[in-house]
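Shared between the two complexes below is subunit A, which has subunit B as its partner in the first and subunit C in the second.
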Partner chain A sequence: MSREYLNALWELTKRELRRKYARSYLGILWSVFYPLARMALVVFLFTHIFSKPIDRYPAYYFTGYLLYEFFYVAVYTSVTTLRDNKNLIIKSKLPREMFILSRVNTAFINFGLGCIPYVGVLLFYKAQPSLISFLVVFDVFFLWLFVSGVAYLVSILYVFVRDTKNIVQHLLSILRFFVAMFYAKEWVAPGVQKFIEYNPPYVFIKVARDMVIYGVMPELAYLLKMIIYGISFFVIGKFIFNKCKDNVLVRL
Partner chain B sequence: MNFFKLNKNDLFVISQLAHKDKSRENSSNFLGQIWQILDPFINTFVLVMVFGVMFKNKRFVNYPVYVATGIMFYNLFSTGTKNCLNALSGNKNFLIKAQLDKTIYVKEKVFVALINFGYSFLIYLGVMIAYRVPFRITMLLVIPDVLLLISLVYGFGKILSIVNALFADITYFHEIFLLFIFYGSALFFDPSRVAPVLQFLLSLNPIYLSIAIARISIIDGIVPPYTLWIKLLLYSATFYWIGNIVFKKGSENIVAKL
Partner chain C sequence: MALAMMMLFWAATGIPVEAASADVTFGSESYSAEKGSQFPVGVYIKSDETIGTYYVKLEYDKTRLKYIGGAESEADGVIVLQGTGTEDEIRYMLTFESITGGEAGIAVTNAVVTNEDGTENAVAENHATAAVKISGTDESGVTFDATEEESAVIGTATASDGTILYVVDHSREVPSTIDWKYQAVPGKLGNTDVTYLQNQDGTVQMLYLLDGDDVYHPYAYSSKDGQIYPVHTGLRDGKKNYYMSTAVTGEEVKDESVVLAMDLDGNVSKARLYEDGHLGEAGLVNTLPVWLIVPAVAILLAILVGVASIVYAKNKKAKKIQKKKEKIETRRRRDIALRAAEESGDQARMDAIMNSKEPIISVQNVTMKFKVATKAVSGIKDYIIQFIKGEISYRELVALDNINFDVYKGEVMGIIGTNGSGKSTLLKIVSGALNPTEGHVAVDRKKVQLLTLGTGFDMELTARENVYLNGAIIGYSRQFLDEHYDEIVEFAELEGFMEEKVKNFSSGMVSRLGFAIATAGDAAEILILDEVLSVGDEFFRKKSLKRVKEMIHGGSTVLLVSHGMGTILDNCSRVVWIEKGKMKMIGEPKTVCHAYREMGAANV
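Up next, the complex of A and B:
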């Protein structure tokens, strides 16, 4: 990756960020406060509903929420990228995947800002980090690969099938319930448990929870899944994107 | 219909605006609307799958129908109010060029939500049959229930459309608020299981009130207690009234502020 490439990517990302908060007063501060407000709300509502407690529930929920939200925002906003940037794609010689990555990175910055209150919550609820916690950067890295791969796929699919937007939106809101965000995986029916275990976003969430909140090494199976999902989705996504990206112009 | 002061011309404008909205949202109209109609049942299915075991409870005679009823009413509220957010700010050009009564933009958004609710209700009847909930005469009480909720949505939507034109951050607040309503309307759990404070809050939540009325009259097949009706009526009337005032004052030179 050359310097010009990274520069252009950064400019595109800044443009996305500006657009996102164009009409808002609080602007980028929302990315910090919104996750915190959401956590407070869920904790307030759910602490009493479940008969069994979850260890350090606020941190537990916050981890799941932040990672899932990164996935959600990145994929959801990527769907229409190619059409939204139609003019720029036609006129400039920028590589087309850059537009997708700029949306993924916008979501990533959003995620990064959400991590500020997250650290506070970890401290407040006395999470037990250890040296293992630093390994979470790998988890985030593979999540980024996974998310980018999915973003490539949906953005191309949208050019061919316009209903992709609806379908993706619904799938994302369905998957949200299968990542054990605010409940424990063990509480659901065995069949559903199996499904959650293989649900990619859950894998990243589980690994992050184990490492950051409880300071332990996740089971090997999860680590393997994390690597496999990250790499395979990225490779497949990028491959298909590169194959189709020249056909898209006529269809936009 | 006179309650909303609609005549034939208004209905025509509404249907045209609704059509415009639909074709903007989904390039293939048909599938897009199908999604919206199916949405409550997809959600129900997911919630039942995830929480069916967790909240297994003797009090839940019919968990899937219990959840579906809640989701349907929640969806009516959430899509209705969410649509209203953009009633004015999304129709800027119309506001400048057309000399229409401005409330029509809000009415149109509520109307679309209501139509989708109507279609969803047909599927809901199927769900009732599948889970052997008998059709009883008390079911008809859903009609006044929906009307009350709709006038609440209409009043609330009017306020939202004005506020959104002046203060765009309301979208974020509304999102948090909807989340609060989603979790705070006992859609998928038994209200008697939550902390007493929350139970009290729940009894103040108009969405929950409308859901409770629907559940009692459909699943239990009895006439819901009048206290529920009175509370809901008070909410609807208040919101309808406040919405009117806010909208009248706020929409005067709204074009300049957009």
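Up next, the complex of A and C:
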């Protein structure tokens, strides 16, 4: 990727951020404040309901929330990207992936901001980071690959089927319940557990939790799934996107 | 035998001093009954203090008697009385039925009574017996003797979770289920002398405590806080391990998922307890998976690189063949352009064509068809309904039909035609925004710059932000934009408006800004202008025309779409006329414009 594309990607990302906070006073601080408030609410609501407590529940929930939210926002906002940027796409010779990636990266920056209070929560609840915790950058990297791949797919699909927007929105809200965000995987029925284990967002969340909160290496199966999901979704998404991108403009 | 061992043990550790004393007696020392009749037997548990918990085991001659009821539990001739009291005496009324005649008996085999606050264990030393004489013939033939099966319960204990359990003297009785290597070591649990089962290095001392159902539960004793902690089993690397809280070693528990694990050989180490009950490494750095990941990632990357290089090599080969074909075609087409130039007598252009190896833009047999649904379909639901009804039908709209022309370096090619004749579609195809249905456009897309009006601006952003956004999309670097920013503002005549949101601009202001950004750089080699020279007021139009002319002189090749015949005639070296998707004419501006006007006049 050449430098001019990177510059364009950065400008596009900045535009998305500016638009997102165009009319708010707190602006970008919302991205820092809201995840923390949400965590506080969930912890307040659920801590005393559970008979078997989860070790460092606030950090446990926060990890799941941040990673899933990145996935959710990136994919959901990517659906309509090609249409939203129709004019720019016609005008520029910028690779069309850039527009998708700008939305993914906007969500990623949002995620990065959410990590600021997250670090505080980790410290406050005495997480046990170790050298392994640094490996979480790989988890985030593969998550980014996975999210980008999915974003490519849904953005292309939307061009052909407009209902994609609704389908994706509902699927994402349903999927939210299957990533063991606010409960432990072991509490649900074995069949559901199996599903959760193979649910890609859960894999990334589980790996991050093990590495950052508990400072241990997750089971090998999860690491392999993390790598496979990341690379395969990205490659497939990009491949289909490239196959279809030329036919897209006619339909916009 | 059990008695002998007990004696030995007492002798070794000294006779315990019992502060409290307790006694269990029967209502009578002997009973008599008819064969086949039911009779009650009273049992009295007495203590000199208020009774807390108690555990009394009775044995009866099961060959001659049948237990009917009255106690907490009975199994195979052994009756257990247990519970919590509130007074210093507890009474039971047991009912038996005689089965056969003879000398039967009931005996207390063990009795442990704990005082109210659980601090003292009193073991009844005087084990009472009651004889039962049953009239009738003796069909049993067995002599009842309970003393040999004496229970080893010597006290009660309270686990950290509050359960009350019965302490067994392991010097007399050890559960048969123990499968790990241990040695019996005397010790104390509270005030009671007990025998601990200890591993080789003495880090773990366990007691197997009995619950009310006579089931053994292992507990680990912590000499640091005097508490006992439950011991569980779990698999570690597929092997059975016992695990317990790390509090056993007196350590402060920071992480409850880290436990003390002991294998069956008695080796103790820390382990992490996972939610599904299996044990794994507790250490911070677990090297094994890291070792596995690194090669796994490396192999994956290697495969990816391999595949990519194969694809790349294949593409390269295909491209080479393609290029050869194109060269031959190019030569043929250049001759056509040369002939046209010769006819018009333009020597300069002939030279230019002769000097350029190949055209800058080569539009070859381009056909563009759009599929237009004859009925609007607005989603899957609509689609399915209409599909079922058989109403899905498309009309083919041919926007461009077999367009062919080349543009050489330095040429200014005008494109004219009535509205909807396909000019903008052609520009989009040339700039690469659209792909033609058939045919091909040979052009270096990196050099192309498409300038259309009012597109690509984000109305929510300020003019300054739009300059950077648009500039970046066109392909300018950040540094370039910083350097040329003032120039752009000046050219667009928008000083003082740059911090305003673009949505507050007039359409003229937006167009001026767009033109200024697009032409800010060193002239793009190929400039495609879609109706931009009719922007703004007269003064700005002159200014922009001047800039476009500068660019042409600077060596840019220009494709120019305009409805202003003046602009076309003044600037173009050649003109293509496209009408309803078909190429009507190509050649001298004057000739083509004249023909175009005539057709227009004929239609009016």
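Note that the second predicted complex is superposed on the first by the 252 of 252 C-alpha atoms of A that agree within 3 Å, B and C clash if a C-alpha of one lies under 4 Å from a C-alpha of the other, contacts with A are read in each partner's own complex, and residues count from 1 in each chain.
Here is the rule we go by: contacts are C-beta pairs under 8 Å (C-beta built on N, C-alpha and C of every residue); 3 or more make two chains touch, one makes a residue touch a chain.
Note that the structure is predicted; figures quoted are calculated from it, not measured.
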Per-residue touch tally on subunit A - higher for subunit B or for subunit C: C
Partner chain(s) touched by A:Phe146 [first = subunit B, second = subunit C, both, neither]: neither
First, second, both or neither for A:Phe241, with subunit B first and subunit C second: neither
Touched partner set for A:Leu224, first subunit B, second subunit C, both or neither: second
First, second, both or neither for A:Ala189, with subunit B first and subunit C second: first
Touching partner for A:Phe46 - first (subunit B), second (subunit C), both, neither: first
Which superposed partner A:Arg162 touches (first subunit B, second subunit C, both, neither): both
Touched partner set for A:Ile174, first subunit B, second subunit C, both or neither: first
Partner chain(s) touched by A:Tyr25 [first = subunit B, second = subunit C, both, neither]: first
Interface residues of subunit A shared between complexes with subunit B and subunit C: 162-163
Subunit A to subunit C touching residues, read off their complex: 3-4, 7-8, 10-12, 14-15, 18-19, 22, 55, 87-94, 126, 128, 130-132, 135, 161-163, 184-186, 214-220, 223-224, 227, 231, 246-247, 249-250
Of subunit C, residues touching subunit A in the complex: 254-257, 272, 275-276, 280-281, 284-286, 288-290, 292-293, 296-297, 300, 304, 370-371, 378-381, 428, 431-435, 445-446, 448, 450, 452, 455-456, 458, 460-461, 465, 468-469, 471-478
Of subunit B, residues touching subunit A in the complex: 26-28, 31-32, 35, 39, 42-43, 46-47, 49-54, 167-169, 172, 176, 179-180, 183-184, 189, 193-195, 198
Subunit B partner contacts - residues on subunit A that touch it in the complex: 23-26, 30, 34, 37-38, 41-42, 45-50, 162-163, 165-167, 170, 173-174, 177-178, 183, 187-189, 192
